[in-house]
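Think of it as A, B and C in the order they're written, each chain with its own count starting at 1.
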Amino acid sequence: MKKQPTLFIIISLLVTIPGCQEPNDRLLIGISFETLQTEYWVASVEAIKAECEKHGADYLVAVANGDANRQFEQINNFIARGVDGIVIAPKDSHTIIPIIKAANRAGVPISIYNRVPASMGHDFVSVVADNYEISLSTVRYMAELAKASGRPHKALIMIGDLGDMNAVNRRRGFDDAVAEHHDVIEVVSEVPTEWNQEKALAGVTNALQANPDINFLFSSSDFLFPSVVSALKVADKYHPIGHPDHVILGGFDGDAMAYRMLQEGYLDADGVQDVFYECQLAVQAIMDALNGKSPEEKTMVDPGFVIHQDNLEQRADQMWGSAF
Amino acid sequence: MTKLFTIVKRQGIIGLWLLLILGFSLASESFFTAQNLVNILIQASTLTIIAVGMTFVLLSAGIDLSFGSIMFLAGVAAGMLTTRGVGLGVAVPTILIIGLLFGLLNGLLIVRLRLIPFIVTLATFYMGRGLGLLLSDTRAINLPEAILQIGSSRILGVPVPVWIMILVVLIGHLILSRTVFGRYIYAVGHSKEKAAKAGLPVNRILIGTYAMGGLCAGVGGLVAIAQLGAVSPSFGLQSEFLAIAAAVLGGTSLFGGKGGIFPGTVVGAFTMQTIQNGLVIVNADPYLHQLVTGAVIFLIVWVDSRQNAKKKSLSLN
Amino acid sequence: MLELKGIRKRFGAVEVLKGIDLTVGSGEIVGLVGENGAGKSTLMNMLGGIYPPSEGQMSFAGRPFAPQDPADAFVKGIAFIHQELNLFPNLSIEENLLLNDLPTHHGIGKQVVSRQQLRQHAQVLLKRIGLDLPTSMLVGALTNAQQQLVEIAKAFRGAPQLIIFDEPTTSLSRHESEILFRLMSELRDQGIGMIFISHHLQEVLSITDKVVVLRDGELISQNATSSLTKETIVEDMVGRSMDKLFPKKRGEVSDQMLLDIRGLRGEGIGPLDFSIAKGEVLGFYGLVGAGRTETARAVFGLDPSYHNAIRWLGEDISHFSPAAWIKKGAVFLTEDRRVDGLMLGRPILPNVQLASLPRFAKRVLSRLSHEAIRGQVKVEVEKTRVKHLDLDTSPVAQLSGGNQQKVVLARWLMTHPKLLILDEPTKGIDIGAKEEIYDLINQIVEKGSSVWLISSEIEELLGMSDRIVVMNGGHITAEFDRRDFDEKAILDAALDRLNAEAP
């Protein structure tokens, strides 16, 4: 087997990255992620590791590759290895329940990152971005720009996977913000992307074909921006802010590409999930529990913020994508 | 509804495709325009190319679940090479070779270790994606303008992705229908045992089909990123299922030995892309998209199985 | 032309051929008969180059003959037509004919098939066997007989002087077999020698010049066909006389109807009316495709059907399914043993007990009495005379076809069925095993159960049935009581085209 070295690296990457050595007096935190398949998750796991280091704790990392069963096993392994706390980005809001129970039974405090469990009847803390609120304020900001221009706008929204609550909430935020400004904005196209770049590219191209006068575009995730930019370029509609044919662009996440587009003056607004803040809350909750402090609220909400041309300089270092 | 059924029954997938075009044209005037039809062609190019590769594999009674991973690896390789200043003259052949080698690896594992294709390619699906994630650090790679040029330039007024698609379809079709290798694929797909008894080099033929599959996935990946301009960590995910769906829609049997690229797979891929395109053009409810695609696949497979049942009972009596 | 002298073959310590002397002349058709395991296949495999003899000489066309492999045997002039056709229905006739030697273009198109040359070569081959069909037709669109002929045409890629036919007529109807025999006599006129292996003694008698009988690896007799009868051949094959083949049955047919069917219609069949009395053996005769199997499948609820009335022991049954039938005591043994649910990898015990488990388990979760079951299985296996090593280790896949068939029978007999539907129960099994199955049928009806026997072998039906129903084109065209049995009239009813086309 010539492939063995590579295989080994992959497996160790996917299954468990051992943290530092295990001195007896240091805390050990288990970090479990459902997936690492987007930059957002990578940034999150890095931020959590950094928080652990800040608290002088060691950590184990496990990635479940979208498999809820595997995630459950990985948590059991953590418990068997005697971790002091668990930070988890779960597969979904239901499969997390047995995991919480297992952690409760073992008396290990658990923080849940990015998703809210379906049932509240156990001991845990969850940290989520307010997807609805953030996209609402992002699109509101875009709508005010549209209003200020004094022209009517035709809008397109790129929708994520409709099986994902976050995608659904972002769409709701968009819908409500646009409804507040129905006098200037008319939604002419809703493009389902299933979180797939190729579908996104085809969808935007087709929408621009059907409605060449689209000049307001919101993408439910920043990672679809390459597709948006390609499609706009082909339609000769990708121009910087200030250009008469500029399409008002907004996104969600706060990734590196969005940061660059802001810097270069193409992107008007981006709803940022404050990864650093969320990860800080998640790890802090563990430390509090270990010190016997019970949380004030079970669900902590990251209000996030909208980054745009006017506040870019002040808030850039809170935007996780700027670090990449 | 009965009329629809009759048309589909008589004309098969081509009839259904024409019906869809007619329906969308009536629903929106911006559907049946030269520009939009060209758009459909461009958007269908990637799917058609990988579906051609999948047709080879399916005809041999195999399956390849690693197409998306091959596309992803090809994309990551393209990104790493071009962002380090390697010219397209080197990068493009390298990408194609990666696809070919990955396909060869699939074929070799299946033949030498005598494992079933489903399991082998499921394993290489994970390996390929894992390797791609490792190499790319799970970051999106933005590609230089030069690659986007491939996606957006035209030769004789026809976009380059469409040219590449035509070329792949043509070569694939000729190989299947005219060459010794192509005819052997049908024989092996019908029955490996019989093919071995007839003295055919079964293993070489099988490896060949997976190599063709891998190569097409590589080409498809290239054509896709040339349009996207970037490779994200989820690039290519689930492409294999779209490719299988397109081939099956076009009449290729999952049990091997039956079907073909032209018109079969090509029309299958065009049909799927027409649905995608048409639904966006008429601004259908986003929840409808997958429902409609699923319904069309169901309709075709149902009609096909009804016809097969009828043929079978005819031959019995 | 072919001469075998003192051929012996040993596999390990077992000697399967014990000194065979055999000659085949040019233009001679030699029938090779014997029970399964008599050594026919071993002998032919040596001629076909699959393995060499342990002892003895083979000479062919005046020269010593020792083929390296099947391809070598073919080059040297011996073609082997196997029982299972090696054809690809999804390829054309011409591609099938020349599959491992497809003619190609030269130079750059070295891998590209030359359609023109392919067609020319294929036409020459088809002409040899007198098949007049467009060579680009898909083989899947051909009839069984035409496919068989295409398989034979493949032999003429070389210059065969001897052709071995291994059970070529098993999948052919009588009419189709005649097409094959016509070709064989034409080949005989061209001076080609042939070896014809068959279980159908009638066919062997009608087409061959000489019949060779093997038994237990020994050549028992080698006589001119003109001096033989079916009885003498059977005697040589089984070492006892023919009378025993269809043992006289002792069962009394009762007046009470077991199953009565009115107006049954299904895909391609009906409307049909027929009935089976208690203790009766009802024979169903017809050509392949006449709708016999389809009728049984429809009655048993395996295929969709409509009917006016179905009565079981006088009681109206409106809704039925295979499970309901089995509960009532009707079982169906389909033609294909493997599909029929034999677990080939498991030994006899679990295979036989399968259908009777519910009877042994009082409640779904109650413990089974393994000893009781085992005892019953043993009784059934002995009654059906399954030749076996043991009940619970050797997988049934190791048994011969006839014994596998008997395992299936044993399974259902253990449930004490009232009606046994047998579809071609003796197809492809040897005479000894056939005899035992006939014996079992007699035992079953003796106990008052009924048998619905579907068969393509007219002798079998004549010997076993109380009544014969003839199907043709999906309809019942005639019905004969035992005292009116007339082979010719039955055949006419099965073959008559005019009747077949009547609605």
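Everything below uses one rule, namely that contacts are C-beta pairs under 8 Å (C-beta built on N, C-alpha and C of every residue); 3 or more make two chains touch, one makes a residue touch a chain.
The shown structure was predicted, so the numbers you read here are calculated from the model rather than taken from an experiment.
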Just tell me the minimum hop count from subunit A to subunit C, counting one hop per pair of touching chains. 2
Which chain's C-alpha centroid is most distant from that of subunit A? C
When the mean CA coordinate of each chain is compared with the mean CA coordinate of the whole protein, which chain is closest? B
How many angstrom lie between the centres of subunit A and subunit C, each centre taken as the mean Cα position? 67
Centroid distance [mean C-alpha coordinates] between subunit C and subunit B, Å: 44
Averaging only over C-alpha atoms, locate the centres of subunit A and subunit B and give their separation in whole Å. 31
Considering the complex alone, what residue numbers of subunit B touch subunit A? 28, 30-31, 33, 35-36, 39, 42-43, 46, 126-127, 130-131, 133-134, 137-140, 142, 148, 151-152, 224, 227-230, 232-235, 237-239, 273, 276-277, 280-283, 285-287, 289-290
What does subunit C use to touch subunit B in their complex? 71, 86-91, 95, 99-100, 102, 104, 111-113, 267-268, 289, 291, 294, 473-474
Inside the complex, what are the residues of subunit B that reach subunit C? 174, 178-181, 183, 186-187, 189-191, 194-195, 197-200, 257-258, 313, 316-317
Within their complex, state which residues of subunit A touch subunit B. 3, 6-7, 9-11, 13-14, 36-39, 41-42, 65, 159, 162, 188-192, 194-199, 201-203, 205-207, 209-211, 223, 226-227, 229-230, 233-234, 255-257, 324
